[in-house]
Amino acid sequence: MLDLFATPRLRELAPRVTTFLEEEIIPFEQEWMQMPFTEVEKIIRAKKPKVQAIGAWNLYHAKHHGGPGLNLVEVAQISELLGRTPFGHFTFNCQAPDAGNIELLFQYASPAMREKYLEPLLAGELRSCFSMTEPEFAGSNPVLMGTTAVRDGDHYIINGHKWFTSSADGAALAIVMAVTNPEAASPYMRASMILVPTDAEGFELVRNVPVMGHPGSGWASHGEIRYTNVRVPVSNLLGPEGAGFKLAQERLGPGRIHHCMRWIGVCERAFDLMCRRAATRELGNGVFLGEKQMVQNFIAESRAEIDAARLMVLHAAGKMQEMGQHAAAAEISTIKFFAANVLQRVIDRAVQVHGALGVTDDTILSYYYREERGARIYDGPDEAHKSSLARKILKNYGLSIRNN
Amino acid sequence: MLDLFATPRLRELAPRVTTFLEEEIIPFEQEWMQMPFTEVEKIIRAKKPKVQAIGAWNLYHAKHHGGPGLNLVEVAQISELLGRTPFGHFTFNCQAPDAGNIELLFQYASPAMREKYLEPLLAGELRSCFSMTEPEFAGSNPVLMGTTAVRDGDHYIINGHKWFTSSADGAALAIVMAVTNPEAASPYMRASMILVPTDAEGFELVRNVPVMGHPGSGWASHGEIRYTNVRVPVSNLLGPEGAGFKLAQERLGPGRIHHCMRWIGVCERAFDLMCRRAATRELGNGVFLGEKQMVQNFIAESRAEIDAARLMVLHAAGKMQEMGQHAAAAEISTIKFFAANVLQRVIDRAVQVHGALGVTDDTILSYYYREERGARIYDGPDEAHKSSLARKILKNYGLSIRNN
Amino acid sequence: MLDLFATPRLRELAPRVTTFLEEEIIPFEQEWMQMPFTEVEKIIRAKKPKVQAIGAWNLYHAKHHGGPGLNLVEVAQISELLGRTPFGHFTFNCQAPDAGNIELLFQYASPAMREKYLEPLLAGELRSCFSMTEPEFAGSNPVLMGTTAVRDGDHYIINGHKWFTSSADGAALAIVMAVTNPEAASPYMRASMILVPTDAEGFELVRNVPVMGHPGSGWASHGEIRYTNVRVPVSNLLGPEGAGFKLAQERLGPGRIHHCMRWIGVCERAFDLMCRRAATRELGNGVFLGEKQMVQNFIAESRAEIDAARLMVLHAAGKMQEMGQHAAAAEISTIKFFAANVLQRVIDRAVQVHGALGVTDDTILSYYYREERGARIYDGPDEAHKSSLARKILKNYGLSIRNN
Amino acid sequence: MLDLFATPRLRELAPRVTTFLEEEIIPFEQEWMQMPFTEVEKIIRAKKPKVQAIGAWNLYHAKHHGGPGLNLVEVAQISELLGRTPFGHFTFNCQAPDAGNIELLFQYASPAMREKYLEPLLAGELRSCFSMTEPEFAGSNPVLMGTTAVRDGDHYIINGHKWFTSSADGAALAIVMAVTNPEAASPYMRASMILVPTDAEGFELVRNVPVMGHPGSGWASHGEIRYTNVRVPVSNLLGPEGAGFKLAQERLGPGRIHHCMRWIGVCERAFDLMCRRAATRELGNGVFLGEKQMVQNFIAESRAEIDAARLMVLHAAGKMQEMGQHAAAAEISTIKFFAANVLQRVIDRAVQVHGALGVTDDTILSYYYREERGARIYDGPDEAHKSSLARKILKNYGLSIRNN
């Protein structure tokens, strides 16, 4: 943790979280990686009393939501700690997409929905999913969307096709983005967020999309969903009609901070494994891998890049916290592509330093190598964020460039 | 195919091979990717008569070995064609490690072993493996080896621990590198190659090492093997005692050409998918992905790098063919690291251009992304080849640098 | 020289050229670098009889033009040899822009102009320049041009503003691109090439544009020119009216081959200096720079990239020679950006390996570092060539993209 | 300026400094770049009263040394502002090497030397130089040194050969590193710092070493010096005998912060020019350079890298300020290579975006391009810092690696 961003409650909480991960999670990681997540989920959830005992349940949430009440810069630094194992966030019930969905429900859910969904989510008894991305439309242009929710009396009738509805498998509810106001002047005012129970008629989990060789299961999966004449009451609407993008943006800002810091946790884990290997692998004749300058180069560049990424993300988090998401928009685009690329390079170097071992599943590295390739794509590909950043900058020089 | 390296028989054979792949293999690829390889093997082997009918069985081998009798530069170009699908080489019975093992057996096997193993290998009825890499020793320094073969009368008694004995699962025989002459002055004269039937007592396939999320099966697997007091007759020795490295080197030279050209086939496949996507994916408002300069940059850099790699590999193959492996040693080190890095970059760009689709298994790209990460590691990591090349060059400037 | 591209006459000529450079040019290079080029020119031209004695005068030109009559692939390889010193091409009277201008004059000049300009150019008694680039218009879009040539009876009246009219200082003539047919349907049919004597009224060499710290002089300079009501007879037109771009393209194709191979010569020079330094610079305690893997990495990557670039350029030259410029258009775009980037990286690494010495003028490296930065810009910047290449490729996938 | 690192006095001082630069310096920059520095010096020094009027004379120094008394983190941020023009630091009398020399003299100079040298240095009436680097020894290994100072009664007799004694031309004094205790056990305890007046007999400025095409003059030069039996009184010793390295280290730490922040100033200048060009250069048909994604990519990557570098340098400065140089050693190595590489890339992209204009001296970019190439070399080349950082890290993993 950097002194520059440390706070008293963070200094107090972080060691408890780290110790918990080191004692209760990381020793079982290798074993859990070979199990279906639906099994792992039970084991982890059984630890909930221990998690509560250290005051870290619902780790991202406000005090009146049962969490420790950290601010964004503090949460960010906790997210790094959790990122050191694939099971970190889930353990503390602050995993995506539930953490973001919980925020939405707190703000916009009706009392009935709160009771039915929000309380069990906070209790870790239910899971949820967020259904936005569509295979037919480029994610880099979020206003393109084929899913519709048509008003029919007191109900919406939803039709559409989604994928990368992560964690749909076993979820009790989906928050769905659908076009409700196709004729709205602004393309950013056409879609809404609607809560859909997954047992609603017409909700079909077509498959867990196989990603990098595995369909996954439970929380650790990415669903393809068909919505066919799904009827839900109008009261399932979250926020005003047409506010879907606005809410998605609100959600994405902190979400990107969380992701970026999680990646930095992954980086530190990979970096640690790389250094450990370099320091202990003998090449013969008493010469160790770490004495080789090409390996030193990997270590030095990784150290520099991880440090750079952490400072940038925390700086952006601080700006967002103090001045709001809009003011920090350029910084958020910047960290999204910068940190995702650092992540890929650091993991890649760690794999390389491990040689043949690096591509096996005997370390966590090959999991990270394939699983985190998505980081440069989801929540906006590198190219979209770079172009967006450049356009923001050039606007200050008098050049207006429309998207596309 | 480049005119510069085309030959009449290549011009004649290549289209037949390509057509076969396009009609008999690629349409089933997606389906086969989801099956255990042991099942796929049966389907592919059932096509053997068709393969023979187009004169492409044992595609790498000499005429008197039942192959078409191509030279190295021709074989190299065929290997590129086959590389466009993960099932290419297997279809024509020229897959690693069997193709290299067949060469060894032709040269060094006793008549009895030829009959028992070589003929069925050529017929595609058996499979073999090559057992060299050890987890405890750095592959970049091949003279370090823990496996021993101790003479006991007319037998060797073999003890050791290997991994990345690829395709051991289901193989009938292993060709094992073991130290027979630990006291030899040169560390390069201490090991020998010995044929070991996999049903020999003491031969244990500990596991198929899980690689990038999958243990694989059959030919598509990487075995961890324990040799515990395995007894084989001295006549199972291949070549002279102590010649193991020499034979391994002889095998590795053409092997690297084959691999590099296979990678270029993979590159062309990925490049084709990338361009297809760029040309057809609409971003909205009639703008296509391929109109974006960042995507154009990916395409242009990939085109340049693939062309560069192909020319370098074929040039090295030509030099090896005419002047021998020793003369082409610098070129072989160069293409090994150069082509492996081009491979990784091109696949990575193709994934990126596909967005979320790129990390799914709905295209072949995610398979290549994880499977071909090993290319920068096996047969010598980048770092070993770069250092070796630089040391060769600096020797001409009067600076002798020992390895390690 | 690569066996693959060697020819008997090349094998015969190349050593003579190399020996000449090593004995008559390179020993004086350091001294000449400190002199105005106008002085160096006299010294070099005084060696003309010696150059003629080895049959290398007008080295690029056909036999009936007084040259050795090499084909493009041969010329390319000679250009590499000459590239090893900044004075190479000039020594053999095949320097840009004169070599290209001579070709134009051979094809299109009137008998009077031939006598007045072509013969002395071939004799090395005159120099010429090529006046195309304009400061006000982006060079990446060659159809934008402000200079006009308006017909007035038997004369053209030329007005315009050019820069990077290289070697204008001291030239006897300029070949000027000017719009003669502004109303032509195709923007590629609007400009023409016109010969303008530099002593014509209204021709003003405003300045030698200072480039990377130096305005240069004589051949080694880049002129800014104003054309103010310059009158030249219509017979000074080279080729048909409106054919300017066509002729420029014809000229640029081989010109890019020459440049790319010259850059490879520069690369080899830098590479040689880098290796020499690495092999001889002691870091203390008997450890030499070349033993450090980071330096080995520089050497290995440079070797690979130079070899790749050479093969690509010669392959492109061969294709152009056999199938024409149009057929080789993609290859020419590819080598232009690929080789220029290799050039920059190799020089940069050589500078780095030299430490403080590398930025001084005590080696040729700092000259190359600053002088060759232009390579990624002139004759089309990287970005234009990459975009052009990608658009050519995507056309085959059914996507037509207009420039801009 | 980042809020995170802003302080009240910085907020107050920075705008005055910026305004001064914008009104009194930058408008004349282009003109001064063409003049010998010895002339420019007079013009700039004539502005001293104005500089004093805004309280910015001796900008880096403590209040009792006539400066504003900023701390390191504040000075760092001022150094960025000054870095936006090559004349920035000189204007405020805080240019290297004088600023560092002044610190040394404050701490270690005798009263006589203070009066003779320190006062006029603080007044901007004298200049000094720092004479450490030797052409015969690798700068990456600072304990190798050929210059000796042998005690002869009350004097030292100095003999040696130095270069990159920057600003020696016209300096009144040199601070010289020379071996005084060759037999000391630690190689780090053998050299001392000694003040040598440049008019001492035996002090010879052999030449201003030509760097990137120019020998420079006055402050803007890099001297090669011969010391031949130079006699100076023992009282010219600065600090204890054998403390040379310790003092050099003390000086280098803040020096690297200053340099890195100066580079960030250069980056911001180049970035601003790049964006200005991208926003205003038309490619034809109303399309501007900045609409091209390849240019947007340059802008986005530059923005990210500059922001990363600034945060890292200021974070390192903060750590050094609070915990001392030793505690911040890893951070200082990291910023040295990280920032120097960002600098080179950002300048390079800005040149590229300017096209042909970018290599001319019509903008400041070509000056920065060639002048700042040294940043990756001086004060320790990239490779030395990377290796040093990796060795520090690996020590924590139990692997001790000696230098060389």
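Every chain is named by a letter (A, B, C and D) in the order it is written, and numbering of its residues begins at 1.
Just so we're on the same page, a residue touches a chain if its C-beta (ideal position, glycine included) is under 8 Å from a C-beta of that chain, and two chains touch if they have at least 3 such contacts.
Predicted model, so just to flag it, every value in this text is computed and none were measured.
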Steps in the shortest chain-to-chain touch route ending at chain C and beginning at chain A: 1
Chain separated most widely from chain C, comparing mean CA positions: A
Separation of chain A from chain B, taking each centre as the mean of its C-alpha atoms, in whole Å: 38
For chain B paired with chain D, centre-to-centre distance based on mean C-alpha positions, whole Å: 52
Centroid spacing, where centroids are CA-atom means, of chain A and chain D in whole angstrom: 43
Contacts with 2+ other chains: residues of chain C: 292-297, 383, 386-387
Residues of chain B touching chain D in the complex: 292-294, 296-297
Complex interface listing, chain C residues touching chain B: 2-4, 275-276, 278-280, 288, 290-291, 293, 295-297, 299-301, 303-304, 307-309, 311-312, 315, 318-319, 322, 330-331, 333-334, 337-338, 383, 385-387, 389-391, 393-394, 396-399, 401
Chain C residues within the chain D interface of the complex: 133, 135, 137-141, 143-144, 163-164, 209-214, 281-285, 287, 289, 292, 294-295, 351-352, 355-362, 366-367, 369-370, 373-374, 376-378, 381-383, 386-387, 404
